[in-house]
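A, B, C, D and E are the chain letters, set down in written order, and residue numbers restart from 1 in every chain.
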Amino acid sequence: MNSNLIWLVALPLIGSAVAAIVVRYKFLDRLITFLTFATTLFVLFSVHVGQSYSWGLNFLGTTLNLTLNVSHLSIFMLYISIAFGTVLTFYSLIDHSRMKGFLLLLILAANNWIFMSNDMVGFFFAWELMGWASVVSVLGGREREKSRHAALYYMIMSVSGSYSMFFGIFTLWRLTGTFSISANIAYLSSIVGIHPWWVLGIVSLFFVTFMIKAGIFPFHTWVPLAYAYSPDAFTPFLSAVMSKYGIYGMLLFMPLSLMERGFPSAFGGVPWTNYIFVWIGVITAVLGTVLAIFQDDVKKLFAYSSLSNLGYVVAAIALFTPVGITAGIFHAFNHLLFKGTLFITLLAVISRSGTSKLSEMGGLWKKMPITFFTFFVGIASAAGIPPFNGFGSKWLIYQAMIKQHLPFATILLFLASTGAFMYLFKAFHSIFLGQLSHDYDRVKEVSAVGKITEFFLMFAMTFFGVQPGYILKPIGAIVKSMGLKPLPVMANGYVTGMFSNIYVPLISWSLAVSFTLGFILFFVSAKHKYVSQENNYTAGQIPEDWGLTPETYQFSWNFYQPVEKLFAPFFRIKIDGFFRGTGDWTKTIGSAIKEIFVGNAQMYAFFAIVGLIIFVIAGWMA
Amino acid sequence: MQEFLQNWIYLIASVSLIGVGLYIVLTKENIFKIIVGLNIIESGTNLFMVAIGWHPNAVMPIYTATDHLVANGKVIAADPLPQSLVLTAIVIGLGTTALALTIGIKIFEKYGTLDVRKIKEAEE
Amino acid sequence: MTILLKLIQGIGVGALSIAVGLLFIGIGRKITARIQRRYGPPPIQNFFDIFKLLSKRSISHGFAFDLGLIAGFSALLAAVVFLPMGQINIFPHNSSLIMIIYLMTMAYLGMAMGVSSSGNPNATIGIARALTMMMGYEVPFAAVIFSVYIFSRTGSLANIVAAQSGGFLNWNLVRLPFGFVAAEIALQGMLGEKPFDMTIAPSEIASGPMVEMGGKYLGFGMLQHSIGLFIETGIMVDLFLGGASNIWIFIAKQFVLYFAALMINAIMPRFRIEEGVSFMWKFPLLLGVVQALIVVL
Amino acid sequence: MSIFNNAALLIGVPLLFAFSIPLFGLISKQLTKWVTLFVIGFNATFSLYILLAHKYPAVVVMGNWVPPFGENLYIGPVAAFLVSVISIIGLLIAIYNLWAIKLGDVTRFSVLFLMFTAGASGIVLTGDIFNLFIFMEITGISSYALAAYGPRRRALGGAFKFLVVSSIGSTLYLLGVTLIYTQLGTLNIAEIAARINQTTPGLLTFAGILLISGLAVEAELFPFNGWVPDTYTGAVSGVSASLSGIAAISGVYALFRIAMTVLGRDGAYVFTYGKLDLMTVIAILATTTVIIGELSALSQKNVKKMLAYSSMAQMGLVAVGFSIGSKLGVYGGIFQLVNHSIAKSMLFLIIGVLAAAGLGEKVENFRGLWRRSPFLSLAFTIGAFSMLGFPLFAGFWSKFAIVGASIQRGGWYDFVIGLVLFASIVEAFYYLRIVTYIFSSTEVKAPKIKVSLSPAIPIFVLAVAIIAIGVYPNFIGNFSMQSAGEFTHKMTGYVLNVIPTIVAH
Amino acid sequence: MSQSQWSELVNYFRGRSMWMLHYCTGCGAIELPPVMTSRWDMERFGIIPMATPRQADILLITGYLSIKTLKRVVYTYDQMSTPKWVLGFGSCTINGGIYWDSYNVIDRLDKYIPVDIYIAGCMPRPEAIMDSFIKLREMVQKGEAKGYEKYTKNYEWYKANQDHVFGRSEPVLRKAEEVTKSA
């Protein structure tokens, strides 16, 4: 019995109640949120692997044991999510978007509960809590009507997922009579050899939920909407932390696939269930990338980017090999860090410029240099460029895929990676580079709190890029706790794949030396002088005479038009159309059914009599 | 035939009344005709209830010293309880009818029609 | 002491790669001229050009412009030290091919950042084209890389070279012929030679990324191009031509590959960008996939 | 037997005051509303006393005729619990009515409202199927009249539809009662329940069908629920709240008292309907109701009508829970019934307040409500979330139990619950559409909505109750569990408590 | 290495690598392709055509300059980095050529920008062009081609001439704000 665990859940709930009372005063609300996050992080320092806490809930006639249990995976997830949340809420002290702190705290409570829960009732409770709190959080975006639609769409997907899990939970309960997650998984793994299809069915019920929450193909359609139209300060949390719940859930159930060898292998020693899942991940990665390339709304662009990155994670963990799991979790962490950073910098940019349209921004780097560099480090990480943090995990994912001899999946992931470079550069250019419109002449850099956050995030991305060992070591413990052999050598900075090794600090040193040489060469060369941005090659035309303004001289609309032409045939397939079609169809049926209630008393009487007669006749016939 | 009628006449009558009433309720447009129909159904029900307490050879359920109350070792007095029930039901029916008539009048005032099919709002 | 040695080695390799790259380009210009029945510049013309460029005054559009160009040059310089070339192999245990490719990506990112920050739309269009083309050629190239990975059971260039030792017949060129052809076409795109030179199309978009570059910035661009040329051909040599026993043979093999690319370059017109990408995703990718299938099955 | 143990007061006092209210009305019309309030307040206090002091099970005998010979009231866990809920919700609505009922004949409204509450309590308390009929009619007549109250003409239309369908329903019920009486010669629920096996099977089937059909009108099960949308929409919001918060409780109670206690057997159902048992039939009806209700609500633009359809669907869900027949299922059903009463009556009250503030009933009219009245917005959101079964709100636990019980039961209930969950997704959509409208903003600067104290109290209390139950479900849960025991164990739970000497046949 | 030796070295390299921006205004441009391609092949001297003024060392003006065109030429010249040289190509740049009396054609280029070498002729033959390139190279290597320094030193004079002649023309397009207003 470790009562500190319960504080991880209770503290945010209390904080949430307090924050809800003062929600009118935005700063107080944010301050309480930040303090609660920080305190929770502090409490977390006292939590260790193996601790557990359970309390009885007098429910359903018997005592229902709600248990919290700290595994290697949960403590890892807890640390990264709460730490990121603390950074975000610290930044949000200076933010003006409509994010409500108390909802974030509710999500935090749910977050902690989800990661620690060892019983499905608590898990489901927390999951649903997280679901609605996040939906309500999405509501306050800048574009109200779109944000409303996005929330509704997200809600429907989320609720559908929850009900699927609901069904799964009780099916398991019927089979085993217990709600304990570990006991149920043990049960499933004991019968997977005998009834693989049964297990697959039950696990699918859970996986649908996790896939929806993580935004995996074909349930990705809510992601761009919810990310793009949620309050700017909430999007980082949505993308960085909340997408990981799905990953966490998948990791819980993933060991089933290999135990007892319920399913025959497809290729490379991967059971075909996992093989399909690898491909789902790959499709998600490619799809997210390709769609991200064409977005004009920067938040939508990064939403698709999140999609793509989660595709990577899913593809990696679906392999369920030591390298795969390591790579997957590592990438999940990296994604949390760099995508969180990117969304925080976007928050800064959007709050200053007032738009999230790429085609309306440009040239902001001179106005917001620190944000610019943070963003630069962020996209470098996201593109997997050493020495920043995204590199190690991407590299490991390739290793894991190749190890299982899955070249085609790897090729597509590589395509996604190059595509990532394209959209990242697009965002980078359209926001920060190019011509600064005169509308933004008065834009200022973020205030001190923002600068501190940004420096910290830059440092974190570089640090974990250069010293991946600090993350790989706990991941090694997770891999071990899943019954797999962790990767052999994981000293700080030394990443061992199956095919080749890299020593990340070496890369950093090499870069440092070469940059020094580059600077030396640059400064011994002839002098340069700085000119204004309008002083540009315009084929001899003098801009003023030509009616040229910075906006008209900025290339950001239809950025990848040729690629669009290339992919045009694929855009006709709309996954979204399926869901929307189902929705419309339901609506049509609903309207038709509504016509039953014609508003005529006689008809109602008639229904009742007909019902009675059918009863009686059926009674006689049966 | 006579015996059959004796045994079943009330039942047949009550079922017919209910049937007639239902027919009226389901087919007539006029609100007041529908109310009449409801009343007929109710009468049928009441008749049915009274009928079940009755027996062809039954006597009044009033205690007398004579032993013709007993036939084949069984008391064959008419069951008094259904009658009391019917009384209650009649009262209730009265209340319902009165209320229905009131509502009917009000409907005529507000909607300007007694056609039950026209008592609806434009679909919102 | 070891560190100092490695440092000196690394700088030496960097200088070598620059020199060889510039020389290659110079020879290439001469060869192209001869193909076009011109006299052509001297092979060392590029050294004149570099010297002139670095000594010429220039303009800059800001710090990001400077930093981007420096990053473009330096990241490639950092990447080249990991390339095993003949007996010169400074970090034999750290020659993961994917790492080298991602390091090169940093150079592209730096370059892209620099030229875009100039605010000239031609530059950005050029970069957009370059990135699109990159998506085109990286896919068949990835197919080849991963085929080689699986075939050689290693992802380290040094080990791939080691796996090909023992004569011409052990070369991947012989063992993985489809892959070689695919990679060769991808190399054409990587080097930005015709028919894939839409990035710098001078007559359409005023030489694309280089539009605002003058003086030392253009010099850095040229240096970057020369190192890039060296690394890309070097990777091909290591992947398919069995590496080399010493640096001269290595350079000779590199030149053979470059020569082939030049030949194609000299006689080809330019693709439109989406044509280029879809070409890359048809023929070379098909070859790459066939190769991967052969390797896997 | 002390006077404080005499549950007849729960019916008697309201009825007495109901008919004496015109006298108070002579003094002041406002006074009548206060009298109503105090009488229902007495009921609430007294029923809570019975419930909390655990003064049950108890049989209240009329005129010293012990059951089965006399009429009796039985206060078991179910009655004590449901009467408390009815009275408390009645009390809250009465508080609301202090503010809401201003126009027209206030005196008669008070009379009707008291009668309505008395009738609903009577249904829950009585131990006699004919008295059940009488109380049904008292509730019915008063609710027709209440539904017709108000300035709007659609109230009349709705009331008339209610009247027609409900009259037919009560006729059917009465016929069923008569048939049972011909068989067993008794009207006492406990005795009928004990001797149900002595009936002729064919006649029992017919009687059962008549009873269930008749009661399904009040319990809002399809196809007997045609009146629901028009009546709820037409009536003033306070009345809609009472209908969904009070009448629905008594309706569902009556249906399952007959279906489970009278016609059922411990653990199984004696009442067979061909090859199906009664509960299967009810499950089919309930599932149909859920689906039809939710789907009809989906494209509904009028919020009040939407809530009406939602009520229908929720009653279906309750019936699904009951029809499972296991303790867990009935537990879920009762819990859901109470949660629904709390949430739905609150939603209707909110609609009433908004209507008074000049806000229309269209979904679009809710746009930007958050800026105009955070209190009502929050309360509406809480109610909606409770309806949807989100955690931290009351609805979560009951929905959880019903789904759990269905899946535990297995078999074709998997299918039933699949449909119900699908319908719940639809429900989520239309409720959240409103919630999202509430929190989205309008361009036009609309004035703030002032909520006076009298409607604010019930809304606040109900909203707090929802969260309180959501956070700590055990309080209501325990009562629901006891009630479930009474339903599922008919001999030990009900019959033997009423007539200790009876032997089941 | 002394300062002068260093600058000699630099000049030598500069002379060996001269990149050219050809501002083709008139008919003279037709003489350039033979110069660039196999017949005369100017690349053997390290002279290659470039796309933008930023990259170029030589500005080649191949024909008459109307006032509007001159404005562009001056802007282009300003955008080039030092060291930079101008080649006036054909009679038009020397005295206006056949447009000597036109109201909107300038008749002498070096009133507005410093011209290092004029190539006479209408039009000059490719040989003449090649010869001028060689001349320019020799001048550069000797450090004699200092037109750009002259421009800096006498900027006021050049500016006055430019302003004087530009005063004769109005901008072709309207001002920026007018454009946005009408759009």
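Brief remarks follow.
What we mean here is this: contacts are C-beta pairs under 8 Å (C-beta built on N, C-alpha and C of every residue); 3 or more make two chains touch, one makes a residue touch a chain.
Please read all numbers here as calculations on a predicted model, not as lab measurements.
Taken together, subunit B and subunit D share the touching chains A.
Chain centres computed from CA atoms place B at the largest separation from subunit E.
Here the chain at the heart of the structure, going by C-alpha means, is A. This structure's chain pair with the greatest number of C-beta contacts is A-C.
Centroid analysis (C-alpha atoms only) places B farthest from subunit A. Once the centre of each chain is set as its mean CA position, subunit A and subunit C turn out to be 35 Å apart.
The distance from the centre of subunit A to the centre of subunit E, each centre being the mean of the chain's C-alpha atoms, comes to 57 Å.
With centres defined as mean CA coordinates, subunit E is found 95 Å away from subunit D. Counting only residues that touch two or more partner chains, subunit D has 157, 160, 163-164, 168, 230.
Contact with two or more other chains is made by residues 22, 25, 34, 116, 119-121 of subunit B.
Annotation for subunit A: residues touching 2 or more other chains are 535, 537, 599-602, 605, 609. In summary, the structure contains touching chain pairs A-B, A-C, A-D, A-E, B-D, C-E.
Residues of subunit D that touch subunit A in their complex: 157, 160-161, 163-165, 168-169, 172, 205-206, 209-210, 213, 217, 222-224, 226-230, 273-276, 281, 292, 294-300, 309, 327-328, 331, 381, 385, 388-392, 396-397, 400-401, 403-404, 406-408, 410, 417-418, 421, 424-426, 428-429, 432-433, 435-437, 439-441, 473-474, 477-478, 481. The touching residues of subunit D, when paired with subunit B in their complex, are 130, 133-134, 137, 140-141, 144-145, 148, 153-154, 156-157, 159-160, 163-164, 167-168, 171, 174-175, 178, 181-182, 185, 187, 230, 301-302, 305, 361-362. Those residues of subunit A that touch subunit E in the complex are listed here as 535, 537, 540-542, 544-549. Looking at the complex, you find that subunit B touches subunit A at residues 22, 25-27, 29, 34, 116-117, 119-121. Every residue of subunit C that touches subunit E in the complex is listed here, in rising order: 29, 33, 36-42, 45, 48-49, 51-52, 55-59, 202-203, 206-207, 210-215, 218.
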